[in-house]
Amino acid sequence: MRYVYYPGCSASGTSKEAEESLQAAMGALGVEWTELEDWNCCGAAIAIGTSYLLSVALPARNLALAERAESDLVTGCSRCFLNLIRAIHYTHENASVHEKVNELLAETGVQYSGKARLRHLLDVIVNDIGLDVVAERVTQPLDGLRVAPYYGCCQGMWTYAQFDSVEDPHCFDQLLATLGAQVVDYPLKTACCGGTLSMSRRSVGAKLIGDLLAAAGDADCIVTACPLCLFNLNSFQREAGRIKGTHFNIPVLFLTQMMGMAFGLPKKALGLQRNAVPVDGLYKKIAAGATVSSGAASASRPK
Amino acid sequence: MAEGKSDVKIGVYVCHCGSNIAGTVDVEKVTEFAQEQGSVAVARNYKFMCSEPGQALIKKDIEELGLDGVVVAACSPRMHEPTFRRVCEEAGLNPYRLHMCNIREQCSWVHKNGATEKAEALISAAISRACYLEPLERREVPVAPAVLVVGGGIAGIQAALKVADAGRKVYLVEREPSIGGHMAQLDKTFPTLDCSACILTPRMAAVKAHPNIELMTYSEVVDVQGYVGNFKATIRRKPRYVDESLCTGCGICWEKCPWKAESEFDCGLGQRKAIYTPFPQAVPNVPVIDPEHCVYILRDGKCGACLKFCERGAIDFNQTEKMVEVEVGAIIVATGYDVFDPSAITRLGYNRFPNVITSLEFERLCNAAGPTSGHIVVDGREPKSVGIIHCVGSRDRKYHEYCSRVCCMYALKFAHLIKEKIEGANVYQFYIDMRCYGKGFEEFYQRAGTEGVTFIRGRPAQVTDLAISEEEEGKLMVVCENTLVGAVMRVPVDMVILCPAMEARSDARDVARLFNLSQSADGFLLERHAKMEPVATANDGVFVVGCVQGPKDIPDTVAQALAGAAEALALIDKGSVELEAATAVVDEAACSGCKICVPLCPYTAITFNEAEKRALINEALCKGCGVCVAACPAAAIVARHFTDQQILAEVEALLVDARPAPAEV
Amino acid sequence: MVVPSDNYEPRIVGFLCNWCAYQGADLAGTSRMAYAPNVRIVRVMCTGRIDPTFVLKAFNSGADGVIIAGCHPGDCHYSEGNYKTTRRIALLKKLLSQMGIDGERFRLEWVSAGEGAKWAQIADEMSAAIKEKGPLAWRENLKEA
Amino acid sequence: MGALATTLEKAWTPHTLERIPSLRYLVGNDFSLCYQCGLCTGSCRSAYAMKYTPRQVMNLLQLGRVDEAVASGSGLLCTACFSCTFRCPRGVAITDLMGAIQRLSLAEKHADPHIQRFYRAFMRTVERHGRFHEIEFLVRYYALNPLRLRDELRVGLTLLTKGKIVLKAPKVKSQKGIAAMFRKAAQIEGRP
């Protein structure tokens, strides 16, 4: 299997661990990942505050590049995914949007026809690679680890409509269960983390993050499907705790980091040293869990 | 200018329809245009052609000028064609020499510019066609003096009783083991708080006792043939495995039956046996055996408790499905509605939290004969606070755009019942708009206010068990913007009642096809006219009553049911119906005997005379669709009233304004 | 070659079945859905009645487009008249396309009695598409060819 | 409530359409279809902090009171998560309308200076490099705002020590083209 993928700015900077672990985990699964050549920022949640046309054209340029590479485009960032799929949807629905977007894209020498198909990393893992293949690769089941999957809000709109229930998705839960983890269901798993509010309006952003961390309750860690959420949930636990009148210290990992742990990949390859909240405690829990339920866990894993 | 035929005299009558037509179409100009057309002896316009003076105008012209054809340019033929046909007939002109030209629904009402030009084109076509219209004779055939009522809910029951009371035979067919429908499941009815069973069950008993009603429960109509006045319906009677003629309804069988299943009647909140009547007042009071749970059937005779205990020997495992054919003059379709499944909206928590229930489930909880004997208990507890969420699946483009019309009122009823049964209970209504439009409804709304019900205007975004403070622990939180304040509220409750949309039955499409009816965009069956013919349908002799036509409450349902009964009675009491005269006929001289037409006819109206090698059309069976006409390679079949000549003349004249020779480059 | 003028208004003939499409068009009227005035309707009992000569006659008489609209497949008032139409019209379509009349000028659509909005939309679409293309002027163009 | 009441009381002329030119690009329904059920607000995580909830913003648009919505700065709290749009029972493109209000709030300086600087710094960085570049962004954002820098020191240091702040600017081949895109967009949209 070969994919052209779009890393997005977060994964190549503030959430480097996402990118590193993605490469490592995909390598372990024997999947070939090629970075989209010459990609640009999708505008995050900021472009819409400056220019409507840029908020569609910036992501559309990446789709145009994927068309040029004659490939589908995969992204592991939910924020980017939302912007990209919004660009697909809007150019398809409104001819004048499409026309203006291409007018802008002409400046960079590309055109977007509407052919490129967009995939989310989770979709690729669950539906293309397959949970059975993932299960085979698990060498260190996450026994006894209570993991809260965080789908992120951005997935709500068009994301899961393509491959999972929009309001009540399950694919991430299934993936984590396949890794041997005990999945914690909590009501805010698809709620927004506040995105860039953590930077632009700290008091609001930190409260939203605090509510989320609290909702995940007694989970040992949170796993995200978005590098931007990863950054938010990791970096502002102190501020969130101050607002909520508590102290948070819950490790937050990117989904391929969690996969890499179960695959027994080296910590460094997964960028685990980069997570703001240290993750070492998780290894101890896994080890303890494995001795308690030796063997039983593999039976409880879904096929 | 259309050339027309020199030997005919046509009268053209342009209706203003008040300002409905005249407001958009220049009726004077159009009349002048008509006057100029060949064959036109007279063209007039008038404020309301369908009024007495308007009709008199036409009659006078027919009589004095000896018109050969009449064109009325007014509304759709579906509105007033019968009126003007009668006018012609009364003035001595064959009614088939009338042509209605639709310049209202398909012109003045839908076009702002160009309506006058389009009206001229349409009238030109109408005149041209009218020149070639031929007189036709309608034949009368007797009607079968019986009525088929499909569906035994309150609509079907009321319709059946009324027709039967008028002395006519009724076949009442119900799919479930008992009649009663959704109304039998309800506890009280708004706004009077009558007990639903108290007002319904006497009617059910009356159905059973009525000498003119033949009740067929656990049965379905599977085929309908024929036409208005003479329908033949085939009814599939599923095996009950209980002989209705022997059973006394003593109940020993279901008392002794050891096998249990979820009770459909109690929405799965209670249980029933494998041999059961859905509820104590079931009509007929004869149980059915559910083959999916009966161990005697499943495991080849390993049980037979009912067999053993039934003193009358009414249990009969050898029963098989039976087909019954009935002949009726009219059909009343009253197959009701389905309740929207709210688990589609996951954020409202149905199927995730045991204390989130639907309104119908609440009706059963509230009912003294229900699974909790009328105690409002969910998840083992009596709720001290209840949130009622309106418009679940209604007024939402993702599910149903329409308003389900009954929820506001029954939600108020629920609030009253909860207040009455649970002392000190808090009830919150989460509504968007309170729609209390009926008789006594607003007064009931007021009463709920005085009883201390809290109204929160806003569509809840979520029902969650996530507690963010101590007082939220162990509660369900309804998260909603209080739109009148402009702030998000989290309302902790012990129970949530969802008011799901009433939706068209999942098999509404099949029912529509079975009875040759149409569905409106919302899936419900379409009446002929929203205001003037609310129960008639496009298929003559078939009527729709109750929620099969759209969401409605019990009073509206009953009113429609009685209207349906009146329609059916008016039809069959007349004793005869006129057959369509616009049928197809074979020109024997032209027929080459190729037989292409024979298998095409959906009504097997075409036979082949082997001796003379000619096709022959049975006029009583032909419905005038014209499929054979278009298929005949020898053009030997003529569609009366839709002849090739008539249509071609119409098409040519329709393009009367097609530009003359164009400019050459 | 025919030169389209600026205020060119196409003439489109619609053959609508009495039970579904014609009622749908009536519903568009009772619902006051404004749409382009270019489609002129001929009522037939069933689209199965429509002889290809009707369509040819319309083009020959100066129509710029023809639309046939009937009940949705399976919903025909006469059981299956519209299936026969589908087959018949497919053949006619091929023939017409050889004569330079494409799918924008000759359409077959299913419109139920409840689909007033759909009818209005189809009428608008077709009018706009033909307006763009310009007059057919079949008779004149055939002469030239 | 009081402030709005006084503005609404004054004679006013609706000016929704002229003020929101992006309406012509709207995918989904415009605000006129909103029937004020509040599902958007209930679904919005940051609504609690807004002066006007998303529903109220839709109502202000219906009333033609765009200025009121813009001045409130409510649009600036929208995270563009699209939950409201996704759930809206009338298919109103709420997020994009909130985005339009957000743009006006920023363009007309109804936002805190630091928020304006935040947006500007982000977009300028992307314009120059095609991608986000932390260092440049931080410099642009905090250079004139040392007080805020102190607040961010902890997060910044963590990022730095975890090796997540890349000093080298990203290399996008079409950098110039992307900058041209920005200029073109400004030209079409009539922005300075």
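Brief remarks on what is shown
As written, the chains take the letters A, B, C and D, and residue 1 is the first residue of each chain.
Keep this in mind: contacts are C-beta pairs under 8 Å (C-beta built on N, C-alpha and C of every residue); 3 or more make two chains touch, one makes a residue touch a chain.
In this text, all values refer to a predicted model and were calculated from it rather than measured experimentally.
When the C-beta pairs in contact are tallied for A-B and for B-D, the bigger tally goes to B-D. At the centre of the protein atoms shown, by the Cα-centroid criterion, sits B. With centres taken as mean Cα positions, chain D sits 48 Å from chain C. One inter-chain figure worth recording: chain A and chain C are separated by 51 Å, centre to centre, where each centre is the mean of the chain's CA atoms.
Shared contact sites, meaning residues of chain B that touch two or more other chains, fall at 462. Of all residues in chain D, none touches two or more other chains. Multi-chain contact residues, meaning those touching two or more other chains, occur in chain A at positions 211. Considering their complex, residues 391, 395-398, 432-433, 457-462, 479-483, 486-488 of chain B touch chain D.
Chain contact summary for the complex, chain C toward chain B: residues 1-3, 9, 11, 13, 19-20, 22-23, 25-26, 28-30, 32-38, 40-46, 48-51, 53-54, 57-58, 61-63, 74-75, 77-81, 84, 88, 112-115, 117, 120, 135, 137, 140. For chain D in complex with chain B, the residues that touch the partner chain are 1, 35-44, 47-48, 52-53, 55-56, 87, 89-91. Taken together, the chain B residues at the contact with chain C in this complex read 76-78, 102, 104-107, 109-115, 117-118, 121-122, 125, 512-513, 516, 518-522, 526, 530, 538-539, 582, 600, 602-603, 623-627, 629-631, 639, 642, 644, 647-648, 650-652, 654-655, 657-659, 661-665. Residue ranges on chain A touching chain B, taken from their complex, read 165, 167-168, 186-188, 211, 214-215.
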